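My questions will all concern the structure given below.
Just so it is clear, A, B, C, D and E label the chains in written order, and each chain counts residues from 1 on its own.
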């Protein structure tokens, strides 16, 4: 596995720009103004931090930004919010049921996502979808704790659990 | 016997505290001194955040003192724990179960974001709630996260120590600048006050805040790193 | 008007938070409690922060950042907890006995 | 520009900036770190020194502003006189002590630097919360440094220390914020100005929390187990920092806040005095050096606390305050820090292992100097401070406090000097101290600083002339020629004594002049005898120089302070001379303690005299007011103890017998006369008041009882030096009685007897010295028939015995006769009768001395004894000349004496050869003397008869059978007198000692080593403080 | 009213901390108790600074320069508490470091093991 610890010096530049831009955006969001001295300071700080962190990790080099990806990211966010609400309604059913009837268990699913960031997003999404929680990850396999076990077959479970997100995530993070 | 005497002592302190609490009345207006601060800080120092103004100008000597406290603790923890090579030091990386990929990736993504947030807190200390200490603490929390996620992560204590020293020396130098160019030691009015509420304003307070943030962040990080070792 | 919307959102958010708390109490084991806690509190947070944005429109950008931050951290922490719980062998409720992770680890250990 | 560079603000800039720079410099190399460290400390010391000088020169306190604004808005600090003294002291010690830290890691060094800076901050800051910050800086620095020793015990102790100090600093914070809640102020000056606003339950609780926190940080008894554990287990130099530095900072914080605690001053002082006395009591039971030093340290801080509060109550001016508080502080700082460093140097935990110091004379010297300083001996600052403190307290009529302070000081001296004795006499190990001698340099520096600061304080205390310091200078000079052979040193000392002493007495007149001549001549003459020893006696000659020059200096004293100063010099130098002897380990300590008690009585007497007459002049004794009876009693008790009156004599025989033989002669012949001189000077006071004259009668009885009892005990002795010691005591009894007569005749008698006894006892002790030097035996029963071998010694002894026994024509006759006449004149028939009795008993032991040693059958093993060494004979010969002159030309002495005695007494007698012409007519002494001889013969016969009649048969039966009739007679006498003089006094005093030890055992049992119990103690301490200050009324509304 | 509730909370925390520090046997628990006590003190400080209907003493759109003296809470305790918290943290860190050393040397965290020096 290409460890997340090892930055790839060759592609350092790419990660740097992405991260710096992200941080600068965050900075401007935080300050909520675009006064010139503030933005300049923000760019400086972002650049410094981005330099420091891209030397520490190669995660950011997998993140590329393009309009298509952004579009998919927004789509994914929408999808995600729907799923999150569903998950909560689902959860409310359990929580307010007079007797909680569940059959928990841990199943294994496989993911096609290759980039660490993508997998992270997938795992996070799964954690917020109805009745599932990622317990462990090992390579391409994710082990999911399900509140109400519907299948123990890996492929079927993959479709059920990861299905809603995987496509968008693949397009966003590769 | 022993338990009873403890109970007795605590009861007594309870009574004492009760007498304090009963006789405490919520104040309806500020003490004259406090009121003067609220008026003085924006006017004289140009900082909207009165607390930061107090901390970094009027009571900057206190602040310098507490920086020294942290500095000493960083060194002191090193002295206490660094006496003999601890047999458990070398162990954790091999025996400890590495944290999952999810946590590791999340850490790597979050850490820069936390850092930029810390920078925001530090740099806005004079304008809004925040300041060097708070920002420094956030900065150090970033390191905690990293340490938790990655057992093998080696903190560059030397670099951090260097940074904190430089920041400390600069802090003192800014204080001396106040002595030479303004009203006295640690007077922050060595730089123009600027417009109230602007990013670059309030004299040297943002600079002190920045130095403080770096210093506190480094010191807390050094302390944490020493604890792990 | 905006304040009314904001208040309602905050109220709903608080309701989810309450549900999260209740779920933590009612659910049978560590994993399921974590599920309840994670999901409900994430949504609760999101709603409360959105509600706040109606009160203070100037804070919207910061609040968006915070929401993303919560979305990113909440699941990760519950994952870390669940993983640790599984590692030290905290049993699952119910009697399904299905634990793919345990099985995977056992096969891994038997043929290194 | 230079001025602004040396502004005290820069102390903090240098301290903090230096500390921040150190990690950077460490990258360049450890050498850089060390030089920056030293440079920073030196700069800080220089700055505080300059500000001290400035304030001393009368400039107003230096204000240090921060934040570009005035207080109360910003934090300000102040370097006034007190601040400058304390800061400079700490800086100086910090700079010197840096030596031990130079090779440490850079982390340690920066913590050390910040600690020193933090203490300055605690001393100078004028902001309450800033004080808290500095308190924490100091505490945390201490925690860091405590890790330098990481034995399990040290770690445990540090954790206890952490618990306690964290608790205390939490209380400080609570107090601060509650104070803010009631006043809205943090500036200490403003708080003091708005003191009346601090009222009600919250204000009260705030004050108590602040006070409790500071007191707890000062480690008060009983809430101080954690502090002791740290003192015991920490590295010596770190413990030194805690004792000297941290405590200083906290103490000064308390001092600064004292105006807020106006209503609690007595309570604080009580807390201090409890700590002082009990700590020093428990100190008696300690076996490890650092823990003992810990108790002493805590006690000293207690003393400082008492002084601070009581001086505030007494409203003394700032100069006096500085003298006392500053003197006590400097003394504690330098001496305690030095001892802790020495503990590191020695590297032995247990007291008994400290005897390794013996192999390093230099270190041993430092040890003695530091101990003497802590115990409040001159010339160290503590002496002057204590003197002034007692004066102030007496003026304020706080007698109980004086007593408690003196009791505590005595206990402290007891265990410190017992430790000294142990160290001096402990077994010599082959293994020496572990540290290199470089580690001694800082300790020496402190010793030097102690002496310098002592000289400065002496000036402040009112000792304006330099002559009282001559003895010390002579001692120091002699120390420089220590490598020379013994005889060179001895001759130098004698020369210095003659020159210096001659100068000292040159313009002393009257009675004082006579005594001066007597003491100087007697001292020098007997010191000649010291030439007979040609072994190197380390430390002997410098001490001898101090002693010989102090003796003539005493009569020169015209103020009570000068008198007391020289008195203590004599006490200290004679103690060291005594303790040097190999046999004296057990005897020297009672000698010192009784001498100290005596000195304390003198001190109290002088203090009341000063309170009464507002004068330090000794002549004030003659014009003392209504309190004179108290003064008289105090002075008399002190001097009687020193003179070895019956009941308080228990120190005397041991000390006389156990010291080196020539020292014994000095003690008995010369030093004992110092007490007599004091009595003569001190009892002037009695003349003016009727009460005191009644008391003088009591004094007379005590004198005669002493004479009789001591004579009887002398008969019981077999050890010849003990016998001579009791004899000496007996003779002093006569003199005391003569003084007590308070008449011209009585006083002439006293002086006459003084001269007589000086010469006679000098000879006899030197004879004993000769005998012991030749035979190595001390028991009379081991001797016999030496007259042939040592004819000159025999002759000298005979003349001395005859002169003492009061047979015509020798001086003793005149003395006895004068005494009897004086008693008859006053109508003191009881004492007169006792004089006769004592004369008889005296005759018994004196005869035995001659008989047992020189007469009778010669022992075979003494066949080829040589005559005594020439040095001894020379001294004896000189004394014999004196006796002869006095015997045949009594006018030489009597007339100046008669003239010198206070002209207020009517002149009553003229000496005309064998008879005295008095204003009442002529008395012929012969019949009286005949009567005396007749009574003696009668009594002798009676005893002989009683023995033969078998009255004390069972006693006699216990005696060995194979004795000659004379020996059997003496054996009988010894038994009989043994019955007549039961050892009540020694039983009583050993009971006292045992009780003190038991009390100490009992008190220390609260130190269980349990950190939580210690924390609980702290809570209870706060509670007690709250209740004592009257807080209960707030709890039950 | 508000400040009294906060004040009582703080004082109670101090009491709980005291109780824990005196009764627990485990060094770590004792350290936590001390830390709790410190937190209680900090809360007391904040409570003391509260002014009726006060808001944070930060001049911004919500709090004008002119009305600040009437509407702001006392800034001094707030400033003090920052310092106090940092110092409390420092002390806790040192205590923990010693706890680690003690555990290394004694292999136990019981306070009963720390009774070497006495008398």
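Of note:
Everything below uses one rule, namely that contacts are C-beta pairs under 8 Å (C-beta built on N, C-alpha and C of every residue); 3 or more make two chains touch, one makes a residue touch a chain.
These numbers were taken from a predicted model, which means no experiment stands behind them.
Counting C-beta pairs in contact, the chain pair with the highest total is B-D. Comparing mean CA positions across the assembly, the chain most remote from subunit D is A. Our note on geometry: subunit B versus subunit D, Cα centroid distance of 53 Å, whole angstroms. One inter-chain figure worth recording: subunit C and subunit E are separated by 30 Å, centre to centre, where each centre is the mean of the chain's CA atoms. Centroid to centroid, with C-alpha atoms defining each point, subunit B and subunit E lie 15 Å apart. Annotation: 82 Å between the Cα-based centres of subunit A and subunit D. The residues of subunit D that reach two or more other chains are 129, 133, 136, 140, 143-144, 147, 150, 178, 181, 186, 1016, 1019, listed in rising order.
Shown for subunit A are the residues in touch with two or more other chains, namely 26, 30, 120, 123-124, 134, 136. The residues of subunit B that reach two or more other chains are 6, 9, 13, 20, 24, 31, 33-34, 37, 59, 62, 65-66, 69, 72-73, 76, 80, 83, 100, 102, 106, 109, 113, listed in rising order. Shown are all chain pairs that touch, namely A-B, A-C, B-C, B-D, B-E, D-E. Across the complex, subunit D meets subunit B through its residues 9, 12-13, 16-17, 19-24, 27, 64-69, 72-75, 105, 107-108, 110-111, 114, 117-118, 121, 127, 129-130, 133-134, 136-137, 140-141, 143-144, 147-148, 150, 178, 181, 183-186, 200-202, 205, 1013, 1016, 1019-1020, 1023, 1026, 1031, 1034-1035, 1037. The touching residues of subunit A, counted against subunit C in their complex, run 26, 28-30, 32, 84-85, 87-88, 91-92, 94-96, 100, 102-108, 120, 123-128, 131-136, 138, 141, 143, 145, 147, 149, 152, 154. Residues of subunit E touching subunit D in their complex: 14, 18, 21-23, 27, 30, 34, 37-38, 41, 44-45, 48, 76-77, 80, 83-84, 87, 90-91, 94-95, 98-99, 101-102, 105-106, 111-119.
The touching residues of subunit B, counted against subunit D in their complex, run 2, 5-6, 9, 12-13, 15-16, 19-20, 22-24, 31-34, 36-37, 40, 44, 57-62, 64-66, 68-69, 71-73, 75-76, 78-80, 83-84, 161-162, 164-166, 168-169, 171-173, 175-176, 178-179, 182-189. Partner subunit E is touched in their complex by these residues of subunit B: 3, 6, 9-10, 13-14, 17, 20-21, 24, 26-31, 33-35, 37-39, 41-42, 48-51, 54-55, 59, 62-63, 65-66, 69-70, 72-73, 76-77, 80-81, 83, 86, 127-129, 131, 133, 196-197, 216, 223, 226-227.
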